[in-house]
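All chains are identified by letter, namely A, B, C and D, in their written order; residue positions are counted from 1 within each chain.
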Amino acid sequence: MIFDPILDKPQDECGVFGMFSPEPLDLAWFTYLGLFALQHRGQEAAGMCVSDGEKFHVEKDLGLVTQVFDERRLDSVRLANARVSIGHVRYSTTGSNLRFNAQPLTTRTNKGILGLAHNGNFVNAREVRNDMLMQGALFQTTNDSEVMLNLIARESHMDLVEATAAAMKRLKGGFACVLMSRTQLLGFRDPNGVRPLVIGQRDDHAYVIASEPCALYAVGARLIRDVQPGELVWIDRTGLHSLMVAPKKPTPCAFEWIYFARSDSQLDGADAHESRIRMGHQLAREHPVDADIVVPVPDSGIGAAIGYARESGIPFDYGLYKNPYAGRTFIAPTQEARELKVKMKLSPTSAVRGKRVVLVDDSIVRGTTSRQIVNLLREAGATEVHFRVSSPPIKHPCFYGIDTAARKELVASTHSIEEIRDLIGADTLTFISEQGIREAVGGPGLCLACFNGEYPAGTPLLNDVDKLALEV
Amino acid sequence: MIFDPILDKPQDECGVFGMFSPEPLDLAWFTYLGLFALQHRGQEAAGMCVSDGEKFHVEKDLGLVTQVFDERRLDSVRLANARVSIGHVRYSTTGSNLRFNAQPLTTRTNKGILGLAHNGNFVNAREVRNDMLMQGALFQTTNDSEVMLNLIARESHMDLVEATAAAMKRLKGGFACVLMSRTQLLGFRDPNGVRPLVIGQRDDHAYVIASEPCALYAVGARLIRDVQPGELVWIDRTGLHSLMVAPKKPTPCAFEWIYFARSDSQLDGADAHESRIRMGHQLAREHPVDADIVVPVPDSGIGAAIGYARESGIPFDYGLYKNPYAGRTFIAPTQEARELKVKMKLSPTSAVRGKRVVLVDDSIVRGTTSRQIVNLLREAGATEVHFRVSSPPIKHPCFYGIDTAARKELVASTHSIEEIRDLIGADTLTFISEQGIREAVGGPGLCLACFNGEYPAGTPLLNDVDKLALEV
Amino acid sequence: MIFDPILDKPQDECGVFGMFSPEPLDLAWFTYLGLFALQHRGQEAAGMCVSDGEKFHVEKDLGLVTQVFDERRLDSVRLANARVSIGHVRYSTTGSNLRFNAQPLTTRTNKGILGLAHNGNFVNAREVRNDMLMQGALFQTTNDSEVMLNLIARESHMDLVEATAAAMKRLKGGFACVLMSRTQLLGFRDPNGVRPLVIGQRDDHAYVIASEPCALYAVGARLIRDVQPGELVWIDRTGLHSLMVAPKKPTPCAFEWIYFARSDSQLDGADAHESRIRMGHQLAREHPVDADIVVPVPDSGIGAAIGYARESGIPFDYGLYKNPYAGRTFIAPTQEARELKVKMKLSPTSAVRGKRVVLVDDSIVRGTTSRQIVNLLREAGATEVHFRVSSPPIKHPCFYGIDTAARKELVASTHSIEEIRDLIGADTLTFISEQGIREAVGGPGLCLACFNGEYPAGTPLLNDVDKLALEV
Amino acid sequence: MIFDPILDKPQDECGVFGMFSPEPLDLAWFTYLGLFALQHRGQEAAGMCVSDGEKFHVEKDLGLVTQVFDERRLDSVRLANARVSIGHVRYSTTGSNLRFNAQPLTTRTNKGILGLAHNGNFVNAREVRNDMLMQGALFQTTNDSEVMLNLIARESHMDLVEATAAAMKRLKGGFACVLMSRTQLLGFRDPNGVRPLVIGQRDDHAYVIASEPCALYAVGARLIRDVQPGELVWIDRTGLHSLMVAPKKPTPCAFEWIYFARSDSQLDGADAHESRIRMGHQLAREHPVDADIVVPVPDSGIGAAIGYARESGIPFDYGLYKNPYAGRTFIAPTQEARELKVKMKLSPTSAVRGKRVVLVDDSIVRGTTSRQIVNLLREAGATEVHFRVSSPPIKHPCFYGIDTAARKELVASTHSIEEIRDLIGADTLTFISEQGIREAVGGPGLCLACFNGEYPAGTPLLNDVDKLALEV
């Protein structure tokens, strides 16, 4: 555990889950199932709290849900009369895999014991944090949840719902949170609804709040609706309540449909799998090519590749085998690590031999992996490789909870499309248009900040903040 | 570790790897890469030996390749002047996950230190074992490799190659082995070639022997040829040598092409991915149906589903999301464990809603999982489910190294196809014909014993053997 | 990790260590050595922080010092230019072995990052905690250090030394603390000096603060002096500074000399080993007996047994073998666990056969172990067992950081000495007098609260506090 | 795990345990207790086998008894109707801490499954091993038990008792073994009785065989007698049987009384604690000195120090504190490791300040530790240090199971006593005489080979053996 003078980089993509039952229910078990269904949203850490109205159990640690929660540890949070619970999975690409930053964050306050789990990023967290330091607050983690909990605790004259609404107004950015006391479950979403949050219910009337509907289905609940942008909902023994705290124009993150959400999820009325198929249609219409087969980069390019194949009439084929055992623990000598890891993970099948291949992937970030995949296909005998990408070029960092790499590492930020094509060695390279994404997803407005630099939910005041942080 | 009076059940499917280099090479590292590429053939245990002509290092343990070999442990087998190495991955569905049965098995003999790793099963291992017990042999494991090593050591007047050839003649069944001394690498395959074994070479002249070509590619070698059924090859500083010890009519295991081999592997001249596509064609021709989409059970049904879609003209779609984090460590209450595990692993996408679905899978063993998948599709709105299986019904146990479950658990052994269809709740259910499999795989003869009960490489003398084993 | 509505029981006995060097020094390593020397003061958890003026590294976990800090983890806190560090070992007899309560506690405040480690107990911690909750504070642990750090952070207009002095005035009880910022090391002791704290210095001018002198010697420092009761010392690049914040009549805890301190430690001018020898003299004078040998309960009764033997002229002998491998991990069936553990730990030698034995131990808490030891001696042939105890009967709980068991479990709280003698089966049983302890230790006044119920540093307001705690 | 061309060095000191019960008994649990009592004889590895007449369970691993056997693992060897069991603890000072060398060694043979655990060393193991290699035997470990088991299995026409007697006759050296089949427990001791082995019985008629009586007491058995030198005993449902296979003049190892045996053990009629007291008497008579206190090196010097103090009239005192947490896992930079480890383990108390100290230890091997202890005492203010050693100078290696370090490392092998005194910095240094040891131990003849080079049980034919071993 390392406290550096420079605060950690923005929080990364995560998954949240919460449940409230009017009758006793094995919520530790259901939270385990819900988190397991959300595992794709975060593999670094997992945790949960459970309460029966009196006791308040917490467990969290680094690792996958099934690693953190073996039977003994799941038993240790179990409560016979559990009525409320929350859980969290956390993702981090680099460095800050601190055990003490795992969520939910739990604390005693003048409103009793609280547990909070969040997905996303408060862009003004540092300013608020510095204000509170000056008022005597302690910050034991670099976790933004601690800022939210301090804001709530400061409002000692308000009840928990009022204080949470006040804190929502103070914080800016893209976030979706679940918060629990011993007797209440709260869920809230940033004013633009950048990060997703949905509500479900079981036949026994237990409510569920989660990042994606797949977590509802995992616990036997049906999807009721999305939490609205800027809405605060809370559930207690009297049922579900709602307050529109700070609604703005909805701009949910486009990347949920491009890549992040599971293909069995529906968010803000738009189905992930269908959107991906439509992205493929769109790509085929925008960027047709004469070729023999359409090959997805597994698994993220499958939906768009099917769509491209259907629209273009070129046969879909399985041209890249994906080794399901490839993971983080693979040892590789530093100098050739990335290249080797790609090679051990993906390997071309005979389908590409002598073929003109349309290769479909969801995005290009740094471009290095793409180059290796193109190379693998050529070595396996592909005569042409036409790269089709189901997102526009990523040119700008995300401040709302997706770690896209620093700007200078984004290949599309510093190179033209022709230069990228040359770098990755494809015969042709094209990206879907912004308008194409809007039409493929359909319904809602979208945050496309990483493509066009227009940040609907504000940006951090980096200079001021870094200076203050150093002083502390 | 438990020694029961009843000997363990037949050895299970495994992967083997061996390498010999005329010049010093980091063979620990290459064996790690090769085993990683063979990980799909065994997830229970992994191990390797490395020698430089004098030292002889061994490491093996329960776990995946990346779990057994972290950097420290890989370093512990590393030798600066390594010239020969072998490795093994082991699969076991039940019970006998004994650490002491992990391979390679190493032992001192009158031919120096030897290491042996095998894939497959000697059907007369028990008779041979009992013979040797009576001559004063010790058996410290229940591993068939120990029988082979005892046979080799008994021939104290022969050199290693001669003694191995003699042992090959004595043993029956389906097996593919790699064997190393400090200065030689040997590879051999049973008379019928039931289990696969291929030879490759790198540009630096290092030779590789492995269960599948993917392991050759992983270490930068190209495929030279298959080891022939009944052939013994050995490699030393003078190059590659061969002896046809006991060739019979080749009957490689059909299941390698149906399911086991990686889709980027080519065995005995037949490509795995292409064979699967052709199985789909064949299925569509044998069992056409009027439907809206073709959906594979991921990942094993993908190849045949693509083939079915192409031949039938019905669109291929991705109707089942597979949670990549689903694995053995998932906790589930016993009474609903299997059902829950299927549900947490597979989940239907919107693609199946309102559709008549052709569901393609590679095989049906017990049928319970199939029923749940059909059920998931119906709950998600599929109006019809037509189940197509790219292997014939499995009615007989395998004695050559594949653990297919006991005969009474094989649903096709005790039920008619119509009864199975009723059990799993499909609208129609059909299997590919034996002839269809033969045509789809093409080239070689095939072992189809689990479908038709014709065992080309003999069967164990169960009654005699069990009695003797009990006495010991 | 469990948050119960009832706050955890008083903090337990611990060891603290701090170091400040004007020149870069490997403080991670020295802190490791210092904590290792203090391991007898706490075996449940260990931790340390190190700073070089900019970076601030922290590691802590459950386990012994050598378990928490393997080479990799010690390296992870190491800093090339380290100048300040603190460390902590923690002891807990029951239940609350929470990983998140491990010390040092670290937090960002308006005075920069701070790390605090304490030994002892604030008797008014709950009142202060509740006050601060009402002002909006968060409490993430049940650790009293967090109360102290909140008090310090509240004084946002003061510098760190002033704020710490203010906090010292607010808190009551028995405590000895080390506190570090990036550039300062502070040490302070409660007004009565109930808990020990000493200052040392190395030849290279690095200062050390620790619970006992043995930790100074371990890092090559010599003992300069004790921190005085109520004194706050701080060390920075300009040297050692002192402020007498709240001195009262010194009453250090008598149990440090009876049992807790290492026999090579000197505290407040009184040597532990010599004090124990004198306790033996005193016991022999107060309670002579006609016997054949004097046998210590190893290891805690050795000093007093030697003293008893010398004063009485009865030969000292080694009548009880102590199995050095006896520890917490020994498995024992519940119903006979305690008895079996005593038997596996202590076993009589031939020295006691046919002898009248004077058995010397440092204290009797519950009495159950004593009964078994007497029994062991009798079974081994001792003809008489005369039990001599080098502390007075323990009748009252400690509120200053020693976990003596609940009052109702203290056998001397509910039984007369004659009843205890009968319970444990000794021929005679006598305890040293309070006056005897005072004379044996010599120099300072002493806290004898657990013997006589006179609490020099206050007692907790239990009723009020529990009520408030429940509301939160 | 590493197979080097040079075979591992001689087996080290160990503890063995075996139990046979006519009625079902929880032998896994009793074996755990017995091994725990023998833990001082080996800390590297532990293991046990248990049988109920049909099942045969084995568990063994590196670690202390309490580390290898947690509740889950102890349960895994438990059998409801257990009737026979054996166990082993193993000690190794260097290198060869191979998991696969842990004992008991178990194997299937023509006499059924056998388990063997041994203490000691066969001096002709290599010759026998090479003979058997030539006959086709496999050697999977470097464990001498495997040689014994091969010898037994070779005699396929004999029953287990006859074959074991034949094997005893073939092997030379110092050894004590327990051997079990599913229905018999055997115990045997080398012809000279160099290594100890005792027999006990419980009131329920269960028999116990163990290295020391403390293991009998631990399972509620009383000492019946020692196994005689050259005797083979076996226990089955008909009771205890005995065969004098190869008795010679008894010469048990003197070091059992000097250092190895627990102070509560009696071996071959001589009590360990009393023998140590008498060694102290003897030392005081042979080497009196004018001094103020007698200080033991804890814990091994305590008995002799008490004896010295009594005989000389100089007061015994506790001048060296021993840190009970000092162990192998302590991290120390290589260059100062040994010195630092001594300093962190032993630390002088105030007792030595200004005193002329008689320092009593059981032996001096390399002398480096002794020098540091003398130095510690001087730094703490001792004015004179008179070193008294309760064993003669060790000049020769042990071939019978005690690892005394290589001859060139034995300081007494290469230095005069005066040179050693100078090296360790003592004012005087004297050793007990060989005759003194004989008188102190009393009863039996003794093996004093490490002092005088007279090896009663033979020596290894090193040259021949090494050559053969290299060829293999």
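Here is the rule we use: contacts are C-beta pairs under 8 Å (C-beta built on N, C-alpha and C of every residue); 3 or more make two chains touch, one makes a residue touch a chain.
Everything quoted here is computed from the prediction, not taken from an experiment.
Look at the CA centroids: the one farthest from the centroid of subunit C belongs to B. Counting the residue numbers used at the interface between subunit A and subunit B, over half appear in both copies, so the two copies meet with largely the same residues.
After Cα superposition, the angle needed to carry subunit A onto subunit D is 180 degrees, rounded to a multiple of 5. Subunit C has its Cα centroid 60 Å from the Cα centroid of subunit B. Look at where the CA atoms of subunit C average out and do the same for subunit D: the two points lie 37 Å apart. Along subunit B, no residue makes contact with two or more other chains. Chain pairs that touch one another: A-B, A-C, B-D, C-D.
By the touch criterion given at the top, residues 1-5, 54-60, 76, 105-110, 112-113, 133-140, 146, 149-150, 153-156, 472 of subunit A touch subunit C in their complex.
In the complex of the two chains, the subunit C residues touching subunit D come out as 29, 32-33, 36-37, 39-40, 43, 64-67, 69-71, 74, 214, 217-218, 262-264, 266, 271-274, 277, 299, 302-303, 306, 309-310, 315-318, 321-325, 327, 329-331, 333, 343-344, 347-351.
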